[in-house]
Each structure stands twice: as C-alpha cells, then as structure tokens.
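Both complexes shown next keep chain A, but they swap its partner, so chain B is in the first and chain C is in the second.
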Partner chain A sequence: MIDRCFTFIIWLTAGIVFLAFGWLISEVVVQGVGKLSWSFLTDEPARSGREGGIYPIIVSTLLILGTALVIVIPLGLGSAIWLAEFTKKSSKRVQSTRLILDVLAGVPSIVFGLFGYAFFCGFLDLGFSILSGGLTLACMMLPILIRTTEAGLTAVPNDWRRAGAALGVSRTTLLWQVLLPYASPAITAGLLLSIGRATAETAALIFTSGYVDRMPESLNDSGRALAVHIYDLSMNVVGGDKAAYGSALVLIIMVVIINLSANALSEFWLEKKINRLQ
Partner chain B sequence: MRLFSLFVKVTTAIGGSVGVATFLVMLSGATTFHATTLHAKENTRLVLTGSSTVAPLALEMAKRFEKSHPGVRIDVQTGGSSRGVADARAGRADIGMASRSLKQSESDLFSYTIALDGITIILNKDNPVKTLSNDQIRNIYTGNIKNWNQVGGRDTRITVVNKAEGRSTLELFLHHLALKNSDIKASVVIGDNQQGIKTVSGNPGAIGYVSVGAAEFEADYGTPIKLLPMGGVDATVETIKHRRFPLSRPLNFITKQKPHGMIEKFILFAQSTVVNDLIEEQYFVSLAVPLK
Partner chain C sequence: MSKGLVTGNAYTLGSIEQGEPCCEAVSHFSIRDLAVSYQQETVLSNVSLEVYKGCITALIGPSGCGKSSFLSALNRLSDMVPGAKVSGDIIFEGENIFDTSVDVRTLRTKIGMIFQKPNPFPLSIRKNLELPLKEHGVRNKSEIESKIFDVLHSVGLWNEVKDRLHCSALSLSGGQQQRLCIARALILEPSVLLMDEPCSALDPISSGIVEEMIQRLAGRYTIIIVTHNLAQARRIANYAAFFWMTERVGKLIEFGQCRPLFESPQHSLTAAYVSGEKG
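The block that comes next holds the complex of A and B.
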C-alpha cells in the first residue's frame, strides 16, 4: 500500500513537471511556428523587429557565445583540473576558492552585467561590443563549469589513479586518456548548464553587448542577442508578440541543437577512450 | 613526473598565451574603440542611449538616416531615461533618450522633443458612461467602486484591466493618479496596447488605459471602444499635439552641448515629417508640421 502511494506520488510529480514543460514548449511552438520561415532566419529585422527576420541577431548571439566559450573552456578546464588533481582537499586556500566559486555560480546575472559594464565597457574601454558581452558571459559561465568539471574529476575512483601509477603511466597520459574522458559527461553537463545560462541572458547583455540589431562587422561592434531581442519585442514594441514567439522558438531550437551536438561529442570521446581500455 | 610537470608548464603556457591573446584582442579592441570615438568627432558614428520606450523608434529613425547618409553609423542602446540623461551628461552618448521632460536639476542639458506619447481611459462602446473624474478612476482601480451603476452606468460589474509591471504607460498612469501599482485591484493584467484594446472591445464591463494613438486608430477602424476625455480634454492626437491633454509625456533627445554637425542633422531629421510614419507605427504622436 505504501509502495503504491509512493509510486503514485512519483508518477504525479513527474507528470506535473512534464505537463508544465510541455505546456511551455507547445505555447511557444503554437504561437511561434507561424512566424518561422527561411526568410525569418535570413532577413534583417524591419519595423522594430515586428517584420523581417532575425539573421543579424542569430549571428550576434553565436558570436557572443563563441567568444565566451573560447575563454571559458581552457580557463575552466584548467582551473578544475588544478582544483581536483593538484591540490590537497583540506587546504584552506582551496576550500575558500571553492566557496567563492559556489557563491559566484549563484550570483544574479545583473550583478555580472553591472560588473561587465563597469569593467569591460568602461575600464577596458571596449564600449558596447560583442567582446564585452562575451567576456561578461564568460565570467558568469566559469564558476559553473569549474565546479561541475571538478565534481566529475573527483568522482573518478582513486583506484584508477593508483593503477595508472602502478603501470608507470604518466599523469599527463592518465589525465588525457582516463580521467578527462571519464569525467566528460560531467564536463558536458557543466558546459550545457553554462551555455543555457548564457543564451538565456538578457539583463547582463543589454548593458554590455547592447541593443543594435545591425549585422556586426567585428567583435568590437555592438550586437543584439536573441534573449535581448525577445525581451524588447515583448516589452517595448507594440504588436511585437508574434515575432517574439518566433524568436523564442528559434532560441529553443538553437539550444536543443547545441545540447545534442555537445552530448554526441562527449559520447564520442568517452567511447573512443574508455571503451577501448575495457 | 617530469612529463607531468611539463604538462603543467604547457597548460600554464597555453593558459598564459590565451590570456595574452585575450589581452591583445582587448587592446586591439580598445584601440579600435578609441579610433571610432575619434571618428565620432568627425561625425561618422553616433551613440544613443536611454529610454527603452524611445529606443525602438530611435533605432528605426537611425536606420532610415543611415540609408540617406552613407558612412554614418548610429548605435542605439537602451537602459532607461535616467541613464540616457546621465550618459549624455557624461559624454558616453552623443544623444541621450528620455521619455520624460528634464528635471530642474538637469536644466544644464539641451532637450529636443521628437514625439509625444499620451494615454487615456478606454471603455467598451456599449457602455453608456461618458466621462469619469480622476477620483472615480482612482476608486475603480483601487477596487472601491465595483459596479458601473455607481458612476452612472448600467448594473454591470467592472472589469479592471491593468498593464503589466514595467510598462511605461503603467508608470505614467500611476503617476497621474498618484497611485502605487500595489494599490490596484486588477481583474486582467495585459501586456501591450493591442491586447488592452481587444480585452475592452470584447467585454462590455471593462475599463482599461492604452496609448491614445493606438486606441484612436482602432476606434476609427470600427473596433467597439471609446476614448474617454481626461480632465475635460478629449483624448485625440490633436489635443496631445497641442499639449492640452493632461496624460501625456514628451519623448526627448538630450544633448550636453548645443548640437552641431551630424548630431544636429540627426535631431532635425528625427523632428521632421520624413519620419512621421515611423512615429505613428510606434503609436506616438508626431510634432512635425506637414508642409501642405
């Protein structure tokens, strides 16, 4: 009887979550699918975005995200490897680093936005630019990626490291061939979480990469991100709701594509390294 | 172990070079940014920041201006009226945008009105009520008056339509009636003007407030709504244009110095009849007098 109740509750919660999610997606799809067309993806916006397409905005979004990833991936992986493999867990400095990272991972994005506006746009004199936006996003993404990667590396059984040492495998080889591939699902998860946070970002980007919906000519140009475009259409433009839903649908599709390809990449790596050992 | 320390060195080197590369990119960015600010002195690039209400309009004006002035780039950024004023004063923007008049403390700046925005109460056409005083509106919106027969109408429940948080029309409305948003007992909360007009046209007991331009446009095209006068002044584009309508605000361009060169050209362009269609498209009221 208790078992049955428990099963029912589990099904119920799963159902509620699925329903809420399904409702959200179907709302966006139903409202946005009419707007979706090839020309919507390849045209410039017209009439404040109510008509025309979102091509420059997609390009800006990808450039901002790309800039952020180029900085986040090497720095994030490096710091996580250092934290997980090269430090003593009990050391005060390491623990305070962890605490700081955890706090940073939970800081509201507008705080990063203000920091980015003051530091990248103002102090470094980058102005409103894709570069400022990407760097600000990088600051937001780093703590998430570092902490998840570190957790993934810590989860690798210590026996593997000992076995490696016993076989005389160098630490570098062990890291590349065993530890990182083993942790790759966690790294991917961290990367996807941070990409999700970045693509959803509006507040921080309005102040850093800006509002200009023209095709960016370089990373020093201001470029409007999709999330900013959706926000503007639904809040400031009379009759912009349809285009907002269309853009939201494009954003969702983009995130799905990024997720699938990241997952496929990590599977591929895992397969190539770990399974060959078995 | 040696290999491993080599690895560490390599990674630090990579990290370092990435850092240096980023720094160099930043530096080049910084220099080009300087270059562009220098260009701005030659008036080929303008930066506008400020009110999110004005920004979509300014962006469209900028696009049209760029078309007729090759080589000119106008970057429009948002952030709110106060930021527009602050950026114009600090020189971070060539032109600031504000959806309000300048305050006393800002009288050292120059402001140029490019359009006006007015809002008014709308009712369903079937509603016999012809006018409402500010007190009556206040009581309806705070939930003290719940039935139309209390203000001379039929025995129908009042459906209060309010705007969503963050809308500039909401702020203007609240400011005019000296209310706080938390005081308002709304039955329906809506987003844009179109939605407000649809709600009121479909519900004989509804009361809402929308942009005058949008409402007049819809009423002319047969949507069953009517615009109520505010403070005895009819809500029309004409009364807003002549600044007689109480519930209106100017949409301003703000500069630190008396505008010259390309800045002046753009402000004159924004105040000319050439952009009337853009202003109407955002449901604002143009001040430019057509040359007829």
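The block that comes next holds the complex of A and C.
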C-alpha cells in the first residue's frame, strides 16, 4: 500500500516536472516559430528589435562565449588537474581552495557583474566590451568547471595511477592517455553546465559587455548577448514580445546544438582514446 | 596444468614440487635495515635480507604485517603514497635505489610490479602493451608488434586474444586480465617482478594458470611474490621470508630456503604459522 502510494507520488512529481518543461518549451516554440526565418537570423535589428533580425546579437553572443571559453577551458582544466592530481587531499590550502570555489559557484551573477564592471571595465580600462563580458563570464564559469572536472578525475580508480607509476609511465602521459579521457564525460557535463549558465546570463553582461545592438567590429566593441536582448525586448520594448520569443527560440536551439556537439566531441575523443567494455 | 595444481588445490598443502635453491645464489637485491612508516607510525622495521637472482622469493605472513609496504619500497612506489617514509638501504644491481642519482622511472622499468587486483588500463589489449613501450621510446612498428607477440606468448595469452587485440582489456576475464598485466610488465624487459598476491583475486583455475606461468618465468626473472597461500609458496618458491607483527610493527622473523623454512623452521612463530596454528 505504502509502496503504491510512493510509486504514485514519484510518477506524479515526474509528470509535473515534465509537463512544466513541456509547457515552457512549447510556449516558446509556438510563440517564436512565426518569427523564425532566414532573414531573422541574418538581418540587423530595426526599431529597437521589434523588426529586423538578430544577426549582430548572435555574433556578439558567440564572441562573448568564445572569449570566455578560451579562458575557461585551459585555466579550468589546469586548476582541476592541479587540485585532483598534484595536491594532497587533506592539506589545508587545498581544502580552503575547494571551499572558496564552492562558494563562488553559488554566488549570484549580479555580484560577478559588479566585479566585472569594476575590475575589467574600470580598473583594466576595457570599457563596455565583448572582452569585459567574456572575462566576467569566465570568472563565473571557472568554479563550476573546476569542481566538476576535479570530481571527475577523483572518481577515476587509483589502480591505474599505481599501474602507470609502476611501469615508469609519466604522470603527463597517464593523464592524457587514461585519466582525462576516462573523466571526459564528467568534464563535458561540467563544461555544458557552465556554458548553460553563461548563455542564460543577463545581469553580469549588462554591466560589462553592454547592450549596443550593432555589429561588433572587434572584441573591444560593446555587444549585446541574446539573453540581454530577450530581457530588453520583453521589459523595455513595447510590442517586442514576438521578437523576444523568436530570440528565445534561437537561444534554445543554440544551446541544444552546443550540447549535442560537445557530447559528440567528447564521445569521439573517448572512443579514440579509451576502450571501455563493449 | 601444472603438477602443483594436480597435487593440491588452492588451500591444501601438496607435496613440494620445487623449493630447492635454484642456482648458485647471486644477490640481486641486498636489503639492509629497511623500515617503513606511515604518518610517523612505523609499520615495518629492521628488515634485512638478500634476494637472489633468478629465484622466486615468497613473502608470507598475516595481513597487515607490512608485506605490501616492503614490496612497494623495492621499486620506490612508496614515493607516491602520501605520508609514507622509507629508511634503510636497498642495493639493487650494485646501486642504492635511494641515491639521488637514481632515476625512478628507469628503475621501475627494470622492476615490474603486479598487483592483487588486476589493473589493466581501460584501453584496448594492444594499447595496454603499447603505452609503456611508447613511453620508453620504442616507436618502431614492427618492433612493437614483435614484442607484443613475445610477451603475450610468455603469459600464454596469445592464442586467446590474437583475434581481439583491439578489444577492451576490461572485456577479458580476471585471470586473463592478470596475465595481461604481467605481459605489460614484461614488455619493458625488467629483470625483477614484484607480485603482491597476484592470484588472490582470481578463481582457483585462473589462479592455477597464473601460478604455472610464474613458475615458467622463474630463472629468467627474479620474482618476489607475496602470497597468503602457503601451499602455493611451498610449490613455487626457492626462498621464503616470514613476516610477523609484534606490537603493531612488522618484523622479518625468518628468512631462508623455502623447504627448510617450512619443514624445520628455526623460530617457534614460523613453526606455528606454517603449520596453521597461528595467523
């Protein structure tokens, strides 16, 4: 009896979640699909975005994200490898580093925005620019990527480290040939999580990369991210709803594409490097 | 099947098939006053013994008396254990392995190690063998191929895996995985094999196959094997070292040729242990 109740509740919660997401997605799709067209993707916005397209905004978004990733991937992987492979698990320094990262991963994005505004825009004199925005996003993404990658590496059995050491295999070789490929699904998941957080970001970007909706000419130009565009259209532009939904749909499609290609890439690497049970 | 397997299963004492001194005793390792501690706590002290070239030396004794710690001092694998300190001298091929001039990676290519739990890399069978070779500078394709063939033959795995070298090493059975690990160690052409209970995670049949293989490797390699299987130690070893724990510190109680140690032990603890009264 209790078992059946429990089963029912589990199904119910799953159903509610599923319905909520289904409703959300279908709302965006239904409202936005009318806007979607080739010219919407390739035109400049007109009349504050009510008409025209979102080409410069897509470009800005990708540039900001690209800038962030160029910083985040090497720094994040490097620090995670340091934490997982080159430090004593019990040392004070490492434990406090971990704690700080966990706190940072949970800090609201507006705080990163203010920091980015003060540090990158102001102190480093980068102004409102794609560079400032990308760097600020990088700060937000780093803790997430470091902690997930570290967890992924820590989960790799120690047996292989000992086997490698006993064969006189260097740590670098072992990392590249065995540990990192084996941990790559976890690393990819962390990367996607942080990319997800970055593409959804408005608060941190309004302060740093700004909201100029023209085509950026370099990384020093201000650029408007998609999420900022959606926010602006729905909050500040009367009659911008349709365009907002259209942009939201584009954003969702973009995230899906990034997800699929990252997974495919990691799967490809895994297949090439690692031979798991088949 | 080996003769040993016929006369006794994993836990009965069979008649002694081997156990004679293998050859004129040439020292390969000289261990002097070895002590191992973890986080300042000594777990093994005062171990001095000779390991002879081409012989099988069995380390026996109850769990926790420091046999694994002893073994991992010999190839300095203890370096990577946090909090582990090793003191004393280990002279290997005329050189103290703790000298600063010793390159640990080169040392470990001369001293192969096999662990209790088979630990092939999650790579294909071929890549498991290629990885250490390439790491140590062997790039020539045909040379790699012939070495792979040789070591898989040595461990009796060639016929079983020759058609599936590209398959995951993890798809092999436990016994096959252990033999692959031995092959992986052999491919670097070491002169010594350290084995830490190589059969205890295996079923009796696989265990017998691995044991038979170890016997075939003796002579070409100096083998130091930890085993809880006294019958196995009697069957395969030329020398035996008996460790025991007193006041939570492991000590070497008795060391000598295998047969005398089992048949007329000098120490009462040894006698009690090998007759199964203690431990």
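We adopt the following convention: the second predicted complex is superposed on the first by the 272 of 278 C-alpha atoms of A that agree within 3 Å, B and C clash if a C-alpha of one lies under 4 Å from a C-alpha of the other, contacts with A are read in each partner's own complex, and residues count from 1 in each chain.
One rule holds for everything that comes next: a contact is a pair of C-beta atoms (placed from the backbone, for glycine too) under 8 Å apart; a residue touches a chain by one contact, two chains touch by 3 or more.
Everything numeric here is computed off the predicted structure, so don't read it as measured data.
Undergrad: Report for A:K88: first if it touches chain B alone, second if chain C alone, otherwise both or neither.
TA: Touch status of A:K88: second partner only.
Undergrad: Answer with first, second, both or neither: which of chain B and chain C does A:P74 touch in the superposed model?
TA: A:P74: touches chain B, not chain C.
Undergrad: Have a look and say if chain B or chain C is in touch with more residues of chain A.
TA: Of chain B and chain C, B contacts more residues of chain A.
Undergrad: If you stack the two complexes on chain A, which partner ends up touching A:A203: first (chain B), second (chain C), both, or neither?
TA: A:A203: touches no partner chain.
Undergrad: For A:L114, decide between first (touching chain B), second (touching chain C), both and neither.
TA: It touches nothing on chain B or chain C.
Undergrad: So, A:S170: does it touch chain B (first), chain C (second), both, or neither?
TA: both
Undergrad: Contacts for A:V29 in the overlay, against chain B (first) and chain C (second): which applies, first, second, both or neither?
TA: Neither partner.
Undergrad: Please indicate which partner A:M235 is in contact with in the superposed arrangement: first for chain B, second for chain C, both, or neither.
TA: A:M235 contacts chain B only, not chain C.
Undergrad: Classify the contacts of A:L219 with the two partner chains as first (chain B alone), second (chain C alone), both, or neither.
TA: A:L219 sits against chain B, while chain C stays out of touch.
Undergrad: Where on chain A do the contacts from chain B and from chain C line up?
TA: 170, 173
Undergrad: Under the touch definition given earlier, write down the residues of chain A that touch chain B in their complex.
TA: Within the complex, chain A touches chain B at residues 47-49, 71, 74-75, 78, 81, 86, 124-129, 131, 135, 170-173, 175, 206-207, 210-213, 218-220, 222, 232, 234-241.
Undergrad: Which residues of chain C touch chain A in the complex?
TA: Interface residues on chain C, with respect to chain A: 75, 77, 80, 82, 104-109, 112-113, 115, 117, 119-124, 127, 131-132, 135-136, 166-171, 181, 184-185, 188.
Undergrad: Taking the complex as given, what residues does chain B use to touch chain A?
TA: Chain B residues touching chain A: 1, 3-4, 6-8, 11, 14-15, 18, 22, 25-26, 29-30, 32-34, 36, 47, 52-53, 55-57, 59-60, 75-79, 166-167, 191-194, 211, 214, 281-283.
Undergrad: Quick one: in the complex, what on chain A touches chain C?
TA: 88-90, 157, 159-170, 173, 177-178, 182, 273-278
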